[in-house]
Amino acid sequence: MAIQQKTNKEIFLNGIFNENPIFRLALSMCPAVAITTNLLNGILMGVSVIFVQICANSTIALLKDYIHPRVRLPIYSLTLATYVTVIDLILSAYFPVAYGALGLFIKLIVVFTFITMRLDVFARKNTVFPTFLDAMGMGLGFLWGMMVIGGVRELLGSGTLLGYDILGFKPMLFFVLPASGFFIIGFMMAIFNYTERIYKEKQSKRRIPA
Amino acid sequence: MKEMIKIVLGLCVTCITAACIMGVTFIFTSDPKKKNEHINFEKNMFNVLGYNENRSIPADLKLYSIFRYIIIQGDNQYLGYAVPVGEKDSSGYDLLQVDTNGNFVDHKHLDIKPEKVMEEGDRTSAIKAAVGGAATVTYADMFFVAKVENKRSAFLLPAETIGFKTTIGFMLALDPLYNVIGVEILEHEEDPGLGAEIEQEYFKNQFQGKSFEKVKSIVVIKQPIPDDYLKFLEKKKWRQGEYSEQEIKAMQQKYQDSDINAITGATISSVALTNGIKVAVKKFVYRVKVLDTIIMNKQIAVAF
Amino acid sequence: MKVIKYAIILILIGLICGCNSTGDRFVLKSKFQSKDSITITFAGAVDDQWAKNKDNFIVYEEPDPDIRLIIKDVLLSPDKKSVEIFFAEPINKTVPHCLKLKDISSDGKSQGTHDITVKKFYFGNLINILVLTMLVQNIIFVKYLGLCIYLGISRKRAAAIGMGFTFTIVSFFSSIMIWFVYQKILIPFHINFIQIIVFVGLISLTVQFVDTILRKVNPVLFKEFGIYLVLVVSNCAMLAIPLLIAANNYDLFESIMVSLGGGLGFLLALFLMSCVQERLSLSPIPPSFKGMPAAFIMTGLFCLAFMGFSGMALF
Amino acid sequence: MMNAQSEKNSISNCLHVSSAPHIQSEVTISKIMWTVVVSLLPPLIISIFIFGFQTLIITLVSVVSCVVTEAVSQKMLNRPVTIKDGSAVITGLLLAYIIPPGVPWWLPIPGAFMAIYVTKILMGGLGYNIFNPALIGRAFLMATYPVALTSAWLAPIRNGSIFTYMNANVDAISSATPLYVLKHYGMAALIEKFGSMSVIYTDFFFGFRPGCIGETSAFLILLGGLVLLYKKYISWHIPVSVMGSTALLTWIFGGESFFTGNPLVAILSGGVMLGAFFMATDYVTSPNQKIAQLIFGIGIGALTVLIRLKGGYPEGICYAILLMNPVVPALDQWFKAKRFSEGATQ
Amino acid sequence: MKTTVLNIAKLLTFQKGGINPPEKMRLTKNLPIEVMPTPPEVAIFLKQHVGTACLEHCIRADMCLHFVRQPTDNACKIVFKGLQNTLYSEDYFLNDNICFNSSEVHVQQEEKVSEGDLIGKGSKLGSNLHASISGLVKTISDTPHPFGKEPAIVLSIDPDAKPKSYPIVNENWMSLSREDLFAKIKEAGIVGLGGAGIPIDSKLSVKRDSKLDTLILNSESEPYLTSNYRIMLEHAFEIIEGAKILLTILDIKECIIGVENNKPDAIIALNQAIENDTQKNGSKNQFKIVVQPLQTKYPQDATDQITFTLTGRIKPTGKRISASGVNIQNVYTAKVIYDAVVCHKPFYEKVITVSGRGIARPANLLVKIGTRLRDIVDYLGGMTQDVAKIVIGGPMLGFAVSSLEIPITKTTPGVLFLTQDEIDIQPSYDPCIRCGFCLQACPMGLEPNNVSIYVEAGKSADTEQFGIMEDCFECGCCAYVCPSKRPLVQFIKLAKLKILEAQQKKKQRESKPKESKQREST
């Protein structure tokens, strides 16, 4: 299989940069826009996603021989829904304040396209360890994205980071509003595109003398 | 056919496993969840009573909860108050049935354990059982009585009002003479930077120390808060010992009868909260007076 | 299109049945007049004497039967067929008010005591919910849900409209089903913690259902909308509507309105974005911003525009 | 006179060769834009007399920041710098005109960035923006500094001292706008606050009322609008339909009962005039065909009245235009010019 | 009389669009037609007209002259620069397609010819060519042409030859049959003088449609050009007679002459001629010829527009104008036909307007076909220093040229020497601001703005939806009104080219599978 030619490191890093679910694939943007008003929310959401993704991916990778391909999508939903319910219950029990902010979006992890996509594209065809790495990479990619957006918004919107006063004043209230998430994601994507372009240009320049 | 059976079996097994996992998690998390909720609620209550890092909670502070129900029996409407009775640690709950004119109707014992009383389902079914028969019982609201050294120190009442966008939930603390001790915003969805400022100390602390007489006719004015008062209201910024007890009292007295200064740019939210507090206090005081009169007259051994 | 037409007719019938009149023979109509008065219209002329006596009227808010509102004044209209009751303080129109009219005397005859409830027009409330969920709480520009599909589909206008309609239809049927299941099964049995799994299942079921029916009834329409049905299943906006309904404890008609409003709001957002995307595809956007980044920033601008609706209430 | 023979060599150097047509009308973008700028200036001058000298400072800051943003961003993107065509100046002027006069002087700067860079340059530059840049700038400021944008109103100066408000505490002299009074306290309160009805009409017409910097003087805006109409740079369809529908719908729904609203006050007391003449008519963000323009204008009027009467803000024209802007591509496609050959008899 | 013409309250005009550019007729309006002395050398192109047969060639050659076109010997560099990047660039070799509808050479090198001799024979869509001067055939070779270079017969003058005169020989043309008249016209090598220059015989020999009922004579409505006006003024009688000949050939009775009301004198003159004619012929006159004053508006002379204006008929998309039951000719064509029929004079000299501030002495000149611009410039006293553009034809439709070696053809209505301030050349253009001016100006109801935006975005092939292939006749109204000074006509030309390419590719793709299938079957 073509996928297995990749080294473990590549599999791991793939989700973080090349196929970053937020900035490159532009999937599952709803929480990235709606709840990243501060860094903590971003981290919590990211961690929940990592949890669900690792569990679901490993489960599917373990059980892939027993899943009939015809009913694979319902099974995916079921698996995801189970883990989402678990994390939902846990968060509501132990992090009631954060749960108030994340509430709906924790439940919506069920329909996160990129998780289902990874289940179908990767977990179904690979053994447990690479799947775990892939899930970890993807999850970390998501977490990283959420942290960046959350951090920028918290800093610019309320002048704090993780609740600690950094700037001492509130520069732009706009960044507390969810609408600002769109702008930040847009600009982050543009930065990604720009770096990629520069990188490719450099590579092609290197190739020419060789 | 064989495939069909295989698929069905596989799905069944998955469903059962999923159900097991969820069930187990639910069982493990339900108790801490409730506990957390309770703690959170209590924290809010203590906050609004003014207990914080600087002012510790007295050891003998006790909170008693009173629930109000609307009971409809045939054509008649009654109010039912589930009140804690018994001298020590509220050993049980009784139901006081009052008609709409404030006259005592009935007094029944409720078959419910004190620790279960916060559970709405259990409580309602206990009241239903006590009232019996064809009556409809609907939960209306609740309030708390705080007792320190066996004396009523405060009433706590959660209430809500319609704000600029959605409902604003808040908790009010009144002293035994119905003067406002404090206000705490529990939930709201006002605009950040505008209506959301109702959460800020400088706004909500304005209600502190307002007398009942003033609250009855309190209005919102569109003037900025005087500088000294503003500094006083921003409690978080108080440094240790900035204000002595006398100074605090003096400030409170100075602004006791002033109206509420609106938040700049969010008059609607300010007015909504102020009116909500006004209405809630008026209704509550009326009811507490009725309840107290009945308890006095009938000599019921309530815990609060 | 026929399906939509029938659905609209059904809803209208439901709404008309759902409207409530006072159900009283002598008292015809009652409504909130101004911010501190209520008007009652009678079938016949009432006596001056009766109307002037403030004690004949008892008014209270429904949840607080023990607290009577203080009546400042009662005005009888010239034709004596309607009465306007003024209160000392502004009334809270969001709560239903109960009125007790003691021994109404009309032409000397007693018409007996009447109990009526004054509340906001139910139909108006429903329309309010519809418009609010569509514009003020727009599922994409204010709630930020369903973005994957929104960004994926909105490049072509025909696709956007197809997706929007499919979404509306599915959300309409699924939310009816979900409302019954949630209110009649999950809540009574205290198993609402498995709502996610149930809702996902029911939505898939609805999609399958719509798919089958559409295939049989209108193959042309199916050809047009069929491809979007699959996408609807894995759409977080689709799941969010029942979750919102469940969280707010709406009644059946309100749920229907929320689902329709959500669907139409989604359609509106997709339509607007598709119009804009067609223009964006012709613009010389800086290369780094081409594609997704521009679409995101454009959505952000839409959000800014939709802030104009915030705080809106129709009735 | 040169000899044709000797001319032959030099001729290909100096002769232009291009495809027909070889003549062009004298109207250019810069001509249109600078005419708009000029017709926008009278409201600024009167605002200095009404609200004081700081309105000039705010307007200057706004214009300069818009122009600088445009120049810098175009430089960074390696595109021709087009600040000379005046479109950035218009955006700057309009942005300043729709914010209250009592705001801090630096406030337009973030708005200008949003208006010029995000709304215009990122979407492809002049001609490709979907939303009106100035209005997006205002909506952004509204979301970012809501307190300043909703409360920094000033009472008009009548004693002629234009330096009255310089360095003054804005809160102390703020005054509610007529629309705010109308929305929250009703018509009676408006009359009580501003004097009799006739005083309201004359004061509002000439601009002696609290409001945004450039929106108060209906008279001067009308003057500027008429210049543009006379020059045929805009057609009457959009301004008339915006103002007409606003007036009509206010008359129907604006009062205590139906058909009792005051349409004249509705038009004079907010930004409807400025919006109708200078913002809704922006070429880029308005439809081309006459019917589409009428629909566009009526849509703006209806949304304005909806937001004013039922919405959370006292004034709705800004958001109404912004909400109608994305509909323009669809309107353009639905209402196309009638093709000549369409009327053909087969 | 003059006032009555101007006072007509509502003059006829076409449905929508159109522009009113400054007329600029004053330069040459009052100058009578002046006969230019015979030049020492003329070059007569074998192909005298643009023709519609090779659309692609015309578009390609004319499209991209946007800023610089560098004609080399037989190729030109076509460059069209967009705002962001180059939209189109091609080295175009002119020899590829030029042999369409040109005439066959009928003389040999060094052969001696006299004025009016047949030197080229028209075949298919070509027309007869006649020697415009007496002298020697110097060479038959490539000569500069507005589109590059094309083969031409070059004649050098025989200084001793006397100018030939053509007395009236056939005043009673009425007695001739239709076929004879037709043959005479064909023989004279007349082409339509309105624009495209299609040979008159093909214009008149369209399938005889029973619907055909009206002959329309139009005149130029472009600024600067006054040759038609002078012809109408000075040769009104010939025009009326020519119209009658045309009516006879077409076998119809009705003729409408549309004249814009900025030429009141011409209207009077033509009316006078018609009056004289009726007086002379009395009851014998079976033709109905009327002069219709029209509102001054460009493009009043375009086929679709003049048909609608005068008859209210609209040409269906994709059909020829004869489907509307009208035949349209230029007034000058009528005059030339009169010459050919009544005087047996072949068409080898024509009246052109030489105008613009760039020429020392503007004039209405009667010149020989094939006269080089250089000779005209010399005759009129040279160019001024600030001439910036030389245009063959009117300012709206003409071709800019870069060389004075280019000769006059049968279709040339005038030569303009324009100065900098007359053309107002912009170094570049701006993006479209969607002002919609072009939508209002387009007489065909098209969307030039959208076409240009699509082309700039690299989606030229998608512009077929805007109907430019069927309806746009590149009148230039859109580009005239555009405040961004966008070269909209070039954009449209480029779009047309790309559409043609796409269509050809599609055809190839469609035909290929068929071939392969056939191969499979065999």
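Which chain is which? They are A, B, C, D and E, in the order written, and residues in each are numbered from 1.
Please note the rule applied: a residue touches a chain if its C-beta (ideal position, glycine included) is under 8 Å from a C-beta of that chain, and two chains touch if they have at least 3 such contacts.
None of the values given here were measured: they were computed from a predicted structure.
Contact with both chain A and chain B is made by C, D. Annotation of chain A and chain C: jointly contacted by B, D, touch as defined at the top.
Seen from the C-alpha centroid of chain A, the farthest chain centroid is that of E. Taking each chain's centre as the mean of its CA atoms, E is the chain most distant from chain C.
The most centrally placed chain, judged by C-alpha centroids, is D. Between chain A and chain E, the centres computed from C-alpha atoms are 67 Å apart. Each chain gets a centre from the mean of its Cα atoms; for chain C and chain D, those two points are 35 Å apart. Centre-to-centre, using mean CA coordinates, chain D is 47 Å away from chain E.
Each of the following residues of chain A touches two or more other chains: 74, 78, 81-82, 85, 89, 173, 177, 179, 183.
Across the assembly, chain B contributes residues 18, 22, 26, 164-165, 191, 193, 268 that each touch 2 or more other chains. Along chain D, residues 118, 124-125, 128, 140, 143, 145-146, 312 each make contact with two or more other chains. Applying the touch definition to every pair of chains gives A-B, A-C, A-D, B-C, B-D, C-D, C-E, D-E. Listing the residues of chain A that touch chain B in their complex gives 66-68, 70-71, 74-75, 78-79, 81-82, 85-86, 89-90, 92-94, 96-97, 173, 176-177.
The part of chain C that touches chain D in the complex is made up of residues 34, 157, 271-273, 275-276, 278-280, 282-286, 289, 294, 297-298, 301-302, 304-314.
Those residues of chain E that touch chain C in the complex are listed here as 83-84, 431, 453-454, 456-457, 459.
Residues 143-148, 151, 193-194, 196-197, 200-201, 204, 234-236, 238-240, 243-244, 247, 286-290, 292-297, 299-300, 303-304, 307 of chain C are the ones that touch chain A when the two sit in their complex. Residues 26-30, 33-34, 74, 77-78, 81-82, 84-85, 88-89, 104, 107-108, 110-113, 116, 177-183, 185-187, 189-191, 193-194, 197 of chain A are the ones that touch chain C when the two sit in their complex.
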